[in-house]
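Quick one: the structure is below, and I'll ask about it shortly.
Chain IDs A, B, C, D, E and F follow the sequence of writing; residue 1 opens each chain.
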C-alpha cells in the first residue's frame, strides 16, 4: 500500500490487493444528537461494518453525541425508530472501546449513570491522545 | 380568506381567489453566511418573487447573515457564483427596507462601512418590534 | 384557519420533514385547513418517486401523498430548486406538482399562517 | 500517496461537495492518487443523473463524472443511503456505482488517508 | 409572536439569537422542538439562560421530542409541554410565527 | 494530527470543541475551511479565543474561502494561508486527519 502501487485501472485497484491482514485503528467520533438528524443512525451502520472487517474500532461520544446513549428514549410519538438499543449490542460485535468525554457530560448535567452502556469517561486531554494515535477518524 | 372559504378541490383553491388586492408584510430574516450553504442564494430568489407580487417586503440581516452583504467577495477560486452584487439590485425592485442588527455587526467586528448596500442598523429590541408586526416571517 | 407549510430539508437526513408531517396531521385533526405545502431547497427531495426506505421504516414520500390525497393538499415543488437537485417529471411522486416560487408567496398571502420547517 | 474521500452532503445545498472537488483536483495535480470517493448520507445525491442546474452554474454531477473518468477514480454510492433517498440505477449518473458500506471501510484500510467532507 | 427553535443550544447559537430578540417583545412565546428540547433540560450549562428567559417569555417544549430524547425527568420547571396539537394551537393563537432555522 | 473545521464559530460551537481537544496534543494543526474561515477574522468576539489557540496549535485557513467571503484584509496575524494544494499537503504531512463535522 502506498506510492509504490502500480497504476490502477478504473477504481478496481483495491479489489486486487489482499487486505485481509491489515488491521487499522478506526475511530468514530459521535458528536450529533440522535433523531434531529440521521448522522447518529447512519454512523452506527458504518461502525458495525467496520467491525465485520476485523478492524480495531473505537467510539467516542462527545458534545451532543453523548445524548445518543442516554437512557429512556421513547420515539413512538415522533414515528422514528428508537435505535438506542443497538448501542447495547455493540459488545456482541467485539466493539468494546466506548469513550465519553467528561466535559461534554458535565456541560449537559449528565453522569455515567444516565447512560445505557458501559463507557470509559475521559478528559479532553486523554481523548486528544487516543485520537492522535488513530489511522482513520470519522466524525459524525 | 380564512375559515369562511368553501371547501376546496385539490389545491386549486388559491387560484380561485383574487389575491391582487392583498398586501401583506413579508419579512425575510437572513441569518446564514453565504457560500457555506445555499440558503442565502435561494433566499434571494424568494425575495425577488415576493417583490413581483407587490408585497410589503423587508429584509433583516443578523447573525452570520450580515456576512452576505460584506464588501469584497471574490468567489472565483471556489468556483461558485458571487451573488453579492444582487443585493445592490434590490432597490430596483423597490425593496428598500434593509435592516441589520447592531449586535451581530459588533460581535463580528464589522461596521456599516464594511457593507455593500445602504442599510438601517437597529438594536435587537427595535428588530423585535418590527418582527412582531409582520404577517409572514421566513428565516433562512 | 388556513395554515400553509414550507419545507426546506430532504427526507430522513433531518427531522424537519417528520415534524412537518406530524404538524399537518394534527392541524387537520383540529379542523384547520392546509391548502398548500411548498417544498424548497433540499425539501424537493420529499417528492422523489424512487425513494425506497427499509420496510420497517416510515415511507416519507408515500405518507405525504396519502395525506395530500385525503385532505386536498396542494403539494408544490419549487422548479428551480428541483432542477438543481435532480427532481423532474421522470421521478416526481404522485400527489406532487412542480411549479414556481410564486406559489410560495401566494400561499403566504392567502393563508392565515405560514409555518416553516427546516434546518 | 493514496487519498480516499468520503462525501456526506448533497449537491448545491452545502459547500462540502465543492470543497471535496477542489481538494481532489489539487491532490491529483500534486501527483497523489485518489482511488475511491465514497458518497454517504445525502452525499448520494451527487450521483443523480437528473440534476440540471442553471446554464451559468457549475454542473456538480458531470464535473465528478469527468474527473473520475480522467483519473480512474472509483465513485461509490452507499446502497442503503441511496435507497432511502431515491437514488437507484434508473437515475444513477455515468461514472458512479452503487455498493455497500464495506467499500468505505475498505477505502479506509487501503488508502494512506481518508478525508471527509460534510456538514 | 411565536418563535420556534429546533437546534440544540449546546451545538448551535440560534437559541441565543432568538432570545436576544424575543425577550424585548411583550407577549412573545418560544416553542422548543426537535434538538432544541435539550434547552429545556435541568442541570446543564444552559439552565440559567433558560431560567432567565422564563421570566420574560412563555416557553413551551414539544413533548414527543422530549420523550424521544429521554429528557422526560429533566425538564426545567415553568416550561409548558405541548403535543403536536398544542403546537398547532400555539401557531393559531399567535398572530404570526417564525422558525429560527 | 490535522483538525479540519468548516463551521462558523459565531453560529456553531464545533470549533470550541475541536480546540478543547486539539490544544492538548503537541503537533496538532488546525485548518479552517468554508464558513470556519470567519474564525480567522480580526476584531470580532472570537479573536481572543483564536489568539489563545495560536499559542498552542498551528492554525491554517483556506485562502479561496477567505477571498470568497471578503475577509482578505481581516486575517489575524499568525494564521497561515493555504490554497487547495496546501490543503492536500497538510493532509499528507500529518499522520492522520479529522473533519469535525
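To be clear about the criterion, a residue touches a chain if its C-beta (ideal position, glycine included) is under 8 Å from a C-beta of that chain, and two chains touch if they have at least 3 such contacts.
Just so it is clear, the structure is predicted and the values come from calculations on it, not from any experiment.
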Practice item. Count the smallest number of chain-to-chain hops linking chain C with chain F, moving only between touching chains. Key: 2
**Study point:** Chain pair showing more contacts of the two, A-E and A-C
**Key:** A-E
Check your understanding: Using the average of all C-alpha atoms in each chain as its centre, how far is it in Å between chain B and chain D?
Key -> 33
Exercise for review: Please compute the C-alpha centroid of chain C, do the same for chain E, then give the distance between them in whole Å.
Suggested key: 24
Study note, to complete from the structure: Residues in chain B with touches to at least two other chains are numbered 35-39, 63, 78, 80, 135-136, 138-139
Check your understanding: Tell me, which residues of chain C touch at least two other chains?
Key -> 1, 8, 12-13, 15, 19, 22, 41, 57, 80, 112, 116, 119
Practice item. Give me the residues of chain F that touch two or more other chains. Key: 6, 10-11, 13-14, 34-35, 64, 83, 96-99, 101
Point to revise | Chain-chain contacts as defined at top | key: A-C, A-D, A-E, A-F, B-C, B-D, B-E, B-F, C-D, C-E, D-F, E-F
Check your understanding: For chain B, which residues count as touching chain C in their complex?
Key -> 1-3, 5, 7-14, 17, 19, 22, 24, 26, 38-39, 42, 45-46, 49-50, 52-53, 55, 135-136, 138-139
Review point. So in the complex, which bits of chain D are touching chain A?
Key: 1-2, 6, 8, 33, 35-36, 40-41, 68, 72-75, 80-81, 100-112, 114, 116
Exercise for review: Would you pull the chain B residues touching chain D in the complex into a rising list?
Suggested key: 35-38, 78-81
Exercise for review: Can you check the complex and tell me which residues of chain C touch chain D?
Suggested key: 10-13, 41-42, 45, 48-54, 57, 61, 80, 83-88, 90-91
Revision key, fill the gap. So, in the complex, the side of chain E touching chain A is made of residues 6-8, 10-11, 34-35, 38, 41-45, 47, 63-65, 67-74, 83
